[in-house]
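In the two assemblies presented below, subunit A is common to both, partnered first by subunit B and then by subunit C.
This part shows the complex of A and B:
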């Protein structure tokens, strides 16, 4: 395990949380978007994370070991729950009955997710700071 | 100072080094837990060292009369990463508790700093003896 493994793990957490924040921002920005490239209303996007593992040969024991490498974003999926139906006959995207299909984005949920993502980001930053103070105290050995 | 004293001090010094290793691994594992706080189905990991250390100090270890001879490699307990698959706090199956991880991180950093200052004071004691009390 390299000296800066912990820092790399925490920075993978930082970029994953940033991607989650970008996804949430996109959801909030498109909360009322009734048209996309496919002609469908916007659907809520979810970032899917996966733990990042690596198998490595130990030079001492000669056995394969699982190395922790943090987190990685595997894909961004659409939330396929039902779309909101709003009665607005004057809207150009209204159907024959006068209903408009609005995105399945709930602003309150998105704000709560945004706060959780911000806190997770801060937790990763403080993990980096803890690692940094460990390195600087290791550099003081023998002084 | 007899030969026995030197090897006794060496054991303490090796123990400090091994504990530093354990502490460093623990910092990596805690970072990994924090990085995966939003990963669905992730189970938190933890490092075991101190409990195996107690067992291995009670056990009889292989005696060596030469530092180049091989030992069993685990005379101070093995540092191993284990998975805690017990409980889950959230609906997505993730069982990372951010509060306990942050507390463990703080505790681990203090432990690491205590060990580095121990190693430092041992080195400076030896330097003091080598230089005969002067600088």
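This part shows the complex of A and C:
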């Protein structure tokens, strides 16, 4: 374990939460978007994360051992739940019956995700500060 | 009184191997007098070159923190927490280096005060 391994792990957590925040921002910004490149309405985006492990050869024991490297973003997937149907005949994207397919974004859910993402980011910062104070108190040894 | 009774023997041999086989500190690498490096570079790793290497690593951290900050200011794809973390790493490395230096100076002064 290097001196800054923990910092790098927490850094990956911070990056992951930034990405989650980006997807949530995109969902909120496109909450009423009825047109995308594929022609159908915007679909809610979800960031998928995976634990980041690395196998390394230990130079002393000669055994492979797993190293913790934090978290990594694997992909951003679409939420394929059903789209909202809103009756609005004046909308240019309305179908023959006057219904418009609206994105499956629920603003309230997005706000809750926003809060949890912010808190998770703060938790990672707290972990970093704890590691830093641990390092500082190690430097106090023998003072 | 026998001093080697206090200190385990392998500690002494490690110290000797770190400071060179003839137990003298070599200042060649600091002064830049490298011509006899080729003759005695088999196992002798002198104290000053270790110190210099480690100080260079600390300096590298400072430089990379500087580069990261410049990239962030220039608008490159660098997150703000990466900038903060690299400066933190640089700061922590420097604190460690200062503490090591304090220990070295302390032990030097201890030796200097020794009654002969």
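The rule we apply is simple: the second predicted complex is superposed on the first by the 143 of 143 C-alpha atoms of A that agree within 3 Å, B and C clash if a C-alpha of one lies under 4 Å from a C-alpha of the other, contacts with A are read in each partner's own complex, and residues count from 1 in each chain.
Throughout what follows, a contact is a pair of C-beta atoms (placed from the backbone, for glycine too) under 8 Å apart; a residue touches a chain by one contact, two chains touch by 3 or more.
What you see is a predicted model, and the numbers here were worked out from it, not measured in a lab.
Colleague: Under the superposition described at the top, does placing subunit B and subunit C together on subunit A give a clash or a fit?
Modeller: fit
Colleague: Looking only at subunit A, is it subunit B or subunit C that touches more of its residues?
Modeller: B
Colleague: Tell me which partner A:137 touches in the superposition: subunit B (first), subunit C (second), both or neither.
Modeller: Once the two structures are laid over each other on A, A:137 reaches subunit B alone.
Colleague: May I ask you to decide whether A:18 touches subunit B, subunit C, both, or neither, giving the answer as first, second, both or neither?
Modeller: Once the two structures are laid over each other on A, A:18 reaches subunit C alone.
Colleague: Of the partners subunit B and subunit C, which touch A:127 in the superposed model: first, second, both, neither?
Modeller: first
Colleague: Could you give the angle made at the Cα centre of subunit A by the lines to the Cα centres of subunit B and subunit C, to the nearest 10°?
Modeller: Computed from the C-alpha centres, it is 40 degrees.
Colleague: Check whether A:57 is in contact with subunit B, with subunit C, with both or with neither, and answer first, second, both or neither.
Modeller: neither
Colleague: For A:68, using the defined touch cut-off, is the partner it touches subunit B, subunit C, both, or neither? Pick first, second, both or neither.
Modeller: Touch status of A:68: first partner only.
Colleague: In whole Å, how close do subunit B and subunit C get at the C-alpha level once superposed?
Modeller: Nearest C-alpha pair, subunit B versus subunit C: 5 Å apart.
Colleague: Residues on subunit A in contact with subunit B in one complex and with subunit C in the other?
Modeller: Shared contact residues on subunit A (touching subunit B in one complex, subunit C in the other): 7, 128, 142.
Colleague: Quick check on the complex: what are the subunit C residues that touch subunit A?
Modeller: 79, 81-82, 85, 88-89, 92-93, 95-96, 99, 103
Colleague: In the complex of these two chains, what residues of subunit A are touching subunit B?
Modeller: 1, 5-7, 9-10, 12-13, 16-17, 20, 48-51, 60, 66, 68-71, 116-117, 119-120, 123-124, 126-128, 130-131, 133-134, 137-138, 140-143
Colleague: Can you check the complex and tell me which residues of subunit A touch subunit C?
Modeller: Subunit A reaches subunit C through residues 3-4, 7, 11, 14-15, 18, 125, 128, 132, 135-136, 139, 142.
Colleague: Residues of subunit B touching subunit A in their complex?
Modeller: These residues of subunit B touch subunit A: 20, 23-25, 27-32, 34-40, 42, 45, 73, 81, 98, 101-102, 105-106, 108-109, 112-113, 116-117, 119-120, 123-124.
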